[in-house]
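Scroll down for the structure; my scribbles are underneath it.
Labels A, B, C and D are assigned to the chains in the order they are written; within every chain, residues are numbered from 1.
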Amino acid sequence: MTTEVSPITDLAQRYHYVRATSEKLCEPLEVEDYVVQSMADTSPTKWHLAHVSWFFETLVLKPHLPGYQPIDDRYAFLFNSYYNTLGKQFSRPDRGLITRPTVAEVHDYRRHVDESMEALFERGSSAGIELPEVIIDIGLHHEQQHQELIVTDLKHLLAQNPLKPVYRGDRGDRGDRGDRGGGWIGVAEGVYEIGSHYGDGFVYDNETPRHKSYVYDFELADRLVTNGEFKAFMADGGYERPEFWLSSGWATVQERAWNAPLYWEERDGEWSYFTLSGFRPVDDDEPVCHVSLYEADAYASWAGARLPTEAEWEVVAAQQPIEGNFVESGAFHPMPLTIDGRRSTVDVSPSQFFGDVWEWTSSAYTSYPGYEQPSGALGEYNAKFMSGQNVLRGGSCATPQSHIRASYRNFFYAPDRWQFSGIRLAR
Amino acid sequence: MTTEVSPITDLAQRYHYVRATSEKLCEPLEVEDYVVQSMADTSPTKWHLAHVSWFFETLVLKPHLPGYQPIDDRYAFLFNSYYNTLGKQFSRPDRGLITRPTVAEVHDYRRHVDESMEALFERGSSAGIELPEVIIDIGLHHEQQHQELIVTDLKHLLAQNPLKPVYRGDRGDRGDRGDRGGGWIGVAEGVYEIGSHYGDGFVYDNETPRHKSYVYDFELADRLVTNGEFKAFMADGGYERPEFWLSSGWATVQERAWNAPLYWEERDGEWSYFTLSGFRPVDDDEPVCHVSLYEADAYASWAGARLPTEAEWEVVAAQQPIEGNFVESGAFHPMPLTIDGRRSTVDVSPSQFFGDVWEWTSSAYTSYPGYEQPSGALGEYNAKFMSGQNVLRGGSCATPQSHIRASYRNFFYAPDRWQFSGIRLAR
Amino acid sequence: MTTEVSPITDLAQRYHYVRATSEKLCEPLEVEDYVVQSMADTSPTKWHLAHVSWFFETLVLKPHLPGYQPIDDRYAFLFNSYYNTLGKQFSRPDRGLITRPTVAEVHDYRRHVDESMEALFERGSSAGIELPEVIIDIGLHHEQQHQELIVTDLKHLLAQNPLKPVYRGDRGDRGDRGDRGGGWIGVAEGVYEIGSHYGDGFVYDNETPRHKSYVYDFELADRLVTNGEFKAFMADGGYERPEFWLSSGWATVQERAWNAPLYWEERDGEWSYFTLSGFRPVDDDEPVCHVSLYEADAYASWAGARLPTEAEWEVVAAQQPIEGNFVESGAFHPMPLTIDGRRSTVDVSPSQFFGDVWEWTSSAYTSYPGYEQPSGALGEYNAKFMSGQNVLRGGSCATPQSHIRASYRNFFYAPDRWQFSGIRLAR
Amino acid sequence: MTTEVSPITDLAQRYHYVRATSEKLCEPLEVEDYVVQSMADTSPTKWHLAHVSWFFETLVLKPHLPGYQPIDDRYAFLFNSYYNTLGKQFSRPDRGLITRPTVAEVHDYRRHVDESMEALFERGSSAGIELPEVIIDIGLHHEQQHQELIVTDLKHLLAQNPLKPVYRGDRGDRGDRGDRGGGWIGVAEGVYEIGSHYGDGFVYDNETPRHKSYVYDFELADRLVTNGEFKAFMADGGYERPEFWLSSGWATVQERAWNAPLYWEERDGEWSYFTLSGFRPVDDDEPVCHVSLYEADAYASWAGARLPTEAEWEVVAAQQPIEGNFVESGAFHPMPLTIDGRRSTVDVSPSQFFGDVWEWTSSAYTSYPGYEQPSGALGEYNAKFMSGQNVLRGGSCATPQSHIRASYRNFFYAPDRWQFSGIRLAR
């Protein structure tokens, strides 16, 4: 006998899974760790947990569950991130000042929302009332985005502490590593299609529509740049030689006195870095990580190459399986290529397109031709950020595997480094 | 039969009392409230609790208790406030980024220090070994100072939260209030002595030496300026008329858009304020509080008076009993004069010299003639701050009663408002 | 009899013309006006005059004129703008602190360079020695760019002065204006070529190579957005409604309290603006000017349209004659469409592609596919600025007519407003 | 036969002398030098020249010369410094943006005011109409203060220029210097009078009233601290050892990376400094100059001494002749003690109380007991600055000799260094 899963049940199951995953990520935390905001770009874990619940409350429960009562009306203000359509918001850089509601109260809030969602799903399956499935689906992907932010924001927070707290002990040996030079994947000139249409599985509005793009002959590196390679750039004066750098990148290097990727520290001539599993020596075989667009571009310039455009990246990545080192691996850190299985250094090329690190592209984050901004609050989800940022592709070791796809577009500002962001070369 | 208390036992008892008081102040707190730093001038409660323990560890236990083992060597760096003599310090404005040690671990730290201090007292009483009583005494007064800061810093933190959390419920009715105009206390011209000599009970170095000062005829108001009076200043355009203000005060008013004391908010034409017992309408009979030196000076100027010098204040205050509304009252807020007892509005004048609010003086905080800076770390306790600040006198509703005296000198910068600071006029 | 102009003579004549034009732009100035820098983005006129001379001195005379002696060796440091390849540079935001060399000495410097260039041209024509024509040509276009900056930077400077100094009296009547609704120019989907090859007349490296781009069906407005239209946006709450704005644009509006284009002031409900011909009421028929990318994008959003990409713009503009209101008109301000001749409102559509105002595009300023960065100092001319800026097209009323072309790419940051920048819609 | 000078004629003569002196100070300047403001604390020379004229126009001519017509009504706004009583003011840090009125127009303004003042004096002498002598006198002393600022602000401006322009050639040899150890002047404990009464010659309101002060036994150094002595402090790690510094001083040293007095530069282990006569090696025998209060205090602490209070300073200085190195010497720089005449190193002690450098005192700038703030605009002259600054005494090499007296109180903020400020020790 086969068990057939109805769509609603499937949605409910995914809801449970995603919600539980957020909480599982918090298991290693002390109450104190949930509260603090280490810089304006990050948010407290507590805020993330509440905000994703606010999203379901505001966009699903209030409009679609008759009789829904919020646990506290003031949360609508406290936990709205940036949706002007949905009312005023508490000042973003001050999210860390809000010690109440407590962590326990935020968990109460989550439970309240979960129980109400349960009631909603129940209405869907028993009463056959149509559910707002699209928006629930967006809410789940939204929560997955915040799961990644919980990891990256926590890393930034813990790294400020001279005690260097460990989020989670290391997973031990990471496999045999072959010797591998790295090759190039060639693509021929022509008109290619990238992006997605609504309906090709879940996609965000900023991935649409699928459209043609003229691409010239290019080659893409078949693996990521490693720490060892990046050290060679550093040893060659990479951070002291303006000729490799974008003008605003060079100004940033001077102003912030950068001389290595974020979280790296030199002691007695040896580089170590802070990881979520502790402070330890840099592993030369891992993909380099926590670099800004500026550093990625300067490295490429030094290496006689360049960064790919997002179209180039997607043309190649669309041919790759969505496998790699995601948040599910529990490593919370990029991993070196190894001989065993998919991460083999010999058999499998190209590699590392998904997971490990977000890959900087040279493409500015703008709308695709024919893009139509959704109406209402969801129109604020992506469109209003289409200015001054660059696209990153492929997900990282902090991304849930089910969250990523070839057409997925992430975006950050050129100097940002606290995400797990790295480099793949093109030429 | 009489029980005679030996000096060592007395010191030990005071140690227990003061240490327990710090912890009692924290009883209403959630773990989350201990962690956050709401501005660079304040510190997290957790940090205060640890720092005062570090003081005993560093200046008493390490040099005086043979075999003392710190619970964590790194605390020496984390919890040193500003003593260059005692090593480097963690960045002050980043104290709120340190989620570990946790609150529980800080309590462990306190216990560890307390047990070691116990051992030290034991050596003193049983083995007759001489104790460093002076420095222990300073440590206790130091902890009392931080008790006041715990209260003021918490108030600042909780006030940032739109939920307006209550630290502690209100104590209810605060007595009948007489109608009282306010009078003046006159003092005749001449040479007066102010300050203290070491040995006149506990005093800080900055109160020494007792010395002569030439004082001209003056009058001091016999009570503090009230909220009602300050509202009259506001209603008369006090915050819009530059003629009342010091030049840097006027610039500050413009820059920070001040239009009322800190924590005041206008809603529908009525003023309310955030207090540690909740958000409530301004009580006109209470002393005005949370004003900067600039506002105090502008008010005085508007009222055709001036602020007293610290010599003038002390000449009068030295004649008054040390009674008033201190932290022990549990009000955590200044109180109106009432008919009953000492706070009567009819019988007892002068009043309110001690407790309620720190009183701004026009005197810059500098050394007294003949002052000698202590050697070593204690030389950093007060002397290095003798620049750019003004003296405040008399203690506040957040000050422990046993901590204050007529010669006590507190000091803050002219724009500072988060202390319980108020106004007494002179002319 | 025909006079044949040899290439060298032609280059020398263009040299004389361009150099004289710079000086002619300065004729209305007082010495005081040459010296001051009104913000970090602008430079003093004196600095512009010297810097363009430094360019010829450094890249032409020193390497190519045997025996060339600089008038002052220290100018190499003072007047290098940003060429790291050519040595250190004086701090950019401090250019206005340099009162010496004086204006007269800068003119001496120019004369010294001109006489030396004369000697170089002489060597070319009489001795037949090959000249570095390419770099001289770049030097001339470079000086034309700074001519535009002289105009825009002076406007910014004079606008700071409450006396509202007039650079140059108004040119009087600007013709009859027809009533004109504005239409759209349609373009069909397909692969189009944009950009230029070296050798197609003078082009900058950032315009190369000519390349294919896939363009979807679109329409481009046949004229610029006018002040009258922009006022309608303002009247409809344009600056108060976040739904029209990019997120960083909305933050900028709040931070800088923008409520109109730069240089606009409201008095008694009427808008006037500062122009180089004086302070006067806003002319509703002129193209709106001095708007940021943020304002251009918000306007387009309000109008139910969008900004064009640079490919879209160029596909249409390449079909238009290079005519319009350039710096040679002496208006120093955008002009309304008029009935007479080219600027007719009836007969001629499309219009205003060149001159009047730089037109914001939605395209980020990045390299074209196949772009090769020049080696040496010229590699710093454009490539290192390819980050975080948007492309503007078509030149303005401050651009020399011979400087502009359809493939020309200008670039500024999204919040920049001091250039003559305006809006053409697409959809 | 004796010539009797009537008071009015005397005032007119002093007016001519003071006004001419301002212009004489500007003789070495290029037009460009008049315009620029090198930091918010300084003003352009052009502004100083206009502002002092505005003072006469506003406080003397408008109220006292019937029919007086301003040359430009808008100057009332442009050249008001900080008198709220007299209307709004142009933004202080933007004074350098005002290229018009030109230098020539400012001279026209001065002439216009001078001619009108001439008419006023004429009315006084011929028509016998009473003149506002007190306010004219204040205007003259006010202009002398700005003469000093012209010198110090110009020095700051020219020092920013890597060309190191010379204001005025050096005056050559500065005499034989004896070897001199430096002694102490002792004063006995008691009540002393300091300050001045109105009517004791010209005095500012902040010097009044003359009043009693209780002073303890002290000694004052009989000469200023020299560059050679200050170098010994530096060589002993003065700028690296926090134990000598006030807390805010030490923070300032770190923030601004101070390692020597302002204008000092080290090249190959030798210190030189920028002076108004050029860049040259530091002269060890000169008084150290351009030090902040922080550096003065740290030096004193290192030397086992302290800074004097203003009362101590005045008690001694009141006994000294008002002789020294003033602006009239044309040195524009402090001078070493020499054997010849008054500046002898052997015969004459105490020395250097007046001229050379302003001497930092430990006294905060506040009102004297019994001080009464003048009414109207003159009430803003001094009183509103009585917060956060320290008193300096004795005048400098940029002060006109007739401007200084023993009771004169100058005041600057602790970190200020661009005045000619130095150190005299007390103990």
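The criterion applied here is as follows: a contact is a pair of C-beta atoms (placed from the backbone, for glycine too) under 8 Å apart; a residue touches a chain by one contact, two chains touch by 3 or more.
If you're wondering where the values come from, they're calculated on a predicted model, not measured in any experiment.
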item	value
Chains touching both chain A and chain B, listed by label	none
Label of the chain whose CA centroid is most distant from the centroid of chain B	C
Length of the line joining the C-alpha centres of chain B and chain C, rounded to whole Å	60
Whole-Å gap between the CA centroids of chain A and chain C	39
Distance from the mean Cα position of chain D to that of chain C, given in whole angstrom	47
Interchain contacts (touch definition) - all pairs	A-B, A-C, B-D, C-D
Chain D residues touching chain C - in the complex, by the definition given at the top	30-36, 38, 46, 74, 77-78, 90, 94, 96-103, 157-158, 160-163, 165
Chain D residues touching chain B - in the complex, by the definition given at the top	82, 84-85, 191, 211-216, 242-243, 245-250, 293-294, 297, 309, 362-364, 366-367, 369-370, 379, 384-388, 414
